[in-house]
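Below is one structure. I have some questions about it.
In order of appearance the chains are A, B, C and D, and numbering begins at 1 in each one.
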């Protein structure tokens, strides 16, 4: 938005946003009433926003509209949802375990195949997908396989990590540490960019207020 | 009745969802989407539990002198977001509700997120000390990867080659191994839950 | 307590202050940070630089707004270079967000360099299904794009006179935040064999270096860093270098702190060891 | 609306939605008329077969053909094949896709049944019959004559053969699991190697007791259906059980109402089993707020004001991992973390005292419980891991020898 377009409303709201930004940054110095204010405000606002978001999207789409359209089978999850409310009563709280049971049962049942596929089979496929050739790429592929195997050995729980197994598992944890170091180093850029955005926002507001 | 049946339900639904995965027919697909809707619907309708927990704690704090103001702010923020959104149109851009979202929630969230720039530096300062072989490896890798931003002429070009190798070989290999481990661990946990071996999450009287 | 012990227990707020300044100072007064140009970026610059006025380059803009910060500076730098060299540019996008980005880049830079749409460059538009679109363009640009983005038939655009498909362009530069680079590699370079270079986000870059060594790509511009390098080569400091200033300073600050931390650690550790020795 | 209007309306919709594809189709047909003086037309593909696509609910067909005589040989001018489809033998044939030369297979599928005012005319219902013909298109963009028409009918399948490797995975893993559990039940001793993160749990609880300060247990941002969160619950149960014995307070701030309910049940039961149901205070497991960063802000506040002796992080964590861990560090807490989010593990490793890496998070419950049956599952994980390692070794050797046999065996096609 160019400066001319701002009315009082925009000045106030952007000012609020700028002040709240500073309140959060003040946490870096130490915990203080301004931070506590912003923290509580955002907790309330976020809960209110999220509640209404769920109501107008998920509740309408998955409960109200289907039932209105005659999809009576949506009454079952709705009843299970209402059964969660028995937790307000000490005597009847156990009823909510039925809802929890469905919730966790579905989650676990779906997870088994999802995890096996994405985390195990896809990784296995990727690991043995390339031949070990007599060039740089082949050497790297060979090293990848050695590194995968040794890192897997590190995750053995039921054997003592001693002797040869201990040596391989040590290589494994070294490789894992390289991975973590790389992950850490790679993330710095994105995090700095986030801070740059906030600083540019504050700078923009100051320019808006006092002119370039 | 109060514990055994719920555990049985966990087992039956879990097993049903496991079988469903291997059946490609339309009704099997329907069961999948329908079951996901169950999870969503239970989650939404349970929302009052969370709200109650939050409101109760903060209403209680209204009596505590030092906390009164902050709890009032929280409750006020919650109420105003609910009251400004009693109609569906209020979720359109430009409404007061969405302005509160854009000028209160969004900047605070973005700022908390941006605190990471500071914390990543302080964590690096504290943790990246060559105390042990493991710490040294962690430190050196992070150092080399971060150093790709430092203009050092020909050294940078060599460093970039090393970085590319680190990412393609040890980093990728370790990622794969960790993922395989996670795959097995998560599957084991899910199976324990379905078989009723792990039931600590399910209360009893 | 000596200086090293003090450094070991430095208040974390000094670290915060340093990071804060590292970001605030460049935002107040932008300054030029030196960048080391990597060979894979230089090759793209040299390629464009070696072309003669009137040669055609094909630029595919396939990123979405969330990657704009990283990728837009690259596109701007390349188009700048092409316009300065009086090359003819053909733009296409395989991303639904592309049209807005291309329009923004071309309209702004064309005005700066007095270039005319349809005469000096053309924007053919957006098509879904990258594989089919790339294959079809290999036959004839007018197969997937009978008209350009603005509705003018291709054969009535002066810039498209005498060029038909990839055989008539000197090279393709693809700037992407998604998987479209894979399509360009398989269906574009793999099938029609034209020189291909890509500009991608920093996170993705590690996956594409293998195509450099295999010769399928002649260059890669990785993330903000690559964009800054390209701007350095072209001599138009822009968004890329501005962002790079923040990154170089912030990364340097963290690296300096890590060095201080380790120097202090080793200094105090030796001291301790010495003391223990003395007690025995 | 009568039939004509509906078709017209649907066509208009198609034009608007699929403008890109249609524009391309028209582009291709526009230059289709073979010029007698122009470049020669290629031969069309032959021997077309249309079969049901396997592993689906009956919404796809596989079209295969023999390459045109001019594809890679003869005139060698084929550039691509156009696959045309109609719902009736003599109906209107529309292009369903283009594949490059050298390809002899195309999968035609559409399972998006849109009803109401926005019908999907391309939808292929179960048991529907479709008619196909193909044309080759030359590099000069000249179309061959069209091939003969072949029909195919979609069928619904009862088993997804492409997922067979996963079924084997489930059976092998499940088999190991049951075998070791039954061994454990017979009383066979099982060794588990020490994990420093687990050994630290007792010290951490002891420290909290000595200091008279609470323990903060953070279950992350997952839902109660995420396995990582459930693993968090199981660790919470073991931790709460011990703290109940020591009478140390456990604070559990959560951001999801179902997680709230399960966490309350978990902690309450732990206190019950420790014989101190009176000590349980439901308000110690509480909902703080919904979204990611507001939750972080609230937990940060709790850390700095309550100064917990120990922070546990067990579950799904995203960008907030480092914010929480650094704040916990400022507050001077001992921190034990575990997550299966690979992107966050580096930050937990750097900023917390002990980290359970990936699979270790899932193993933690077994470690803490020390029950033989639980430890048996660790043995099953190890054996399956060994099988995976053998697959990697043999698979790498085979692929290097040019034998993709094992790779194909474990390749899942969804």
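Quick notes
We adopt the following convention: contacts are C-beta pairs under 8 Å (C-beta built on N, C-alpha and C of every residue); 3 or more make two chains touch, one makes a residue touch a chain.
Because the structure is predicted, anything quoted here is derived from the model rather than measured.
The chains that touch subunit A as well as subunit D are B, C.
In terms of the distance between Cα centroids, subunit A is separated most widely from C. Here C-D and B-C were compared by C-beta pairs in contact; the pair with more is B-C.
Centroid to centroid, with C-alpha atoms defining each point, subunit B and subunit C lie 31 Å apart. Our note on geometry: subunit A versus subunit C, Cα centroid distance of 28 Å, whole angstroms. If you average the CA atoms of subunit A and of subunit B, the two centres end up 3 Å from each other.
Across the assembly, subunit D contributes 163, 166, 170, 173, 223, 225, 227, 230, 257-258, 261-262, 265, 288-291, 293-294, 297, 342, 345, 347, 349-350, 357-360, 363, 378, 381, 385, 388 as residues in contact with two or more other chains. The residues of subunit B that reach two or more other chains are 18, 21, 39, 42-43, 46-51, 54, 105, 108-109, 112-113, 115-118, 120, 122, 124, 126, 128, 138-139, 142-143, 146, 149, 167-168, 175, 178-182, 184, 186-187, 189-191, 193, 201-203, 205, listed in rising order.
Shared interface positions of subunit A, defined as residues touching 2 or more other chains, are 24, 27-28, 36, 38, 42-47, 49, 51, 84, 87, 97, 100, 103-104, 106-108, 110-113, 115-116, 120, 124, 127, 145, 148-149, 152, 155, 176-177, 179-181, 183-184, 186-189, 192, 195.
Viewed as a contact network, the protein chains are fully connected, with every chain touching every other. Contact residues on subunit B toward subunit C in their complex (touch as defined above): 117-118, 120-122, 124-126, 128-131, 139, 142-143, 146-154, 156-157, 160, 164, 167-168. Residues of subunit A touching subunit C in their complex: 28-29, 136-137, 186, 188-189, 192-193, 195-196, 199-200, 203.
Residues 2-3, 5-7, 9-18, 20-21, 32, 34-52, 54, 69-71, 73-82, 85, 88, 91, 97, 99-118, 120, 124, 133-134, 137-146, 149, 165-184, 186-187, 189-191, 193-194, 201-203, 205 of subunit B touch subunit A in their complex. Chain contact summary for the complex, subunit A toward subunit B: residues 13-14, 16-18, 20-21, 24-25, 27-28, 36-38, 40-49, 51-56, 58-60, 62-63, 73-74, 76-78, 80-82, 84-85, 87-88, 94, 97-113, 115-116, 118-120, 123-124, 126-127, 140, 143-149, 151-152, 154-155, 172-189, 191-192, 194-195, 197-198, 201. If you check the complex, the residues on subunit C that touch subunit A are 13, 16, 19-20, 23-24, 27-28, 69, 202-203, 210, 213, 223-224, 243, 246-247, 250-251, 254.
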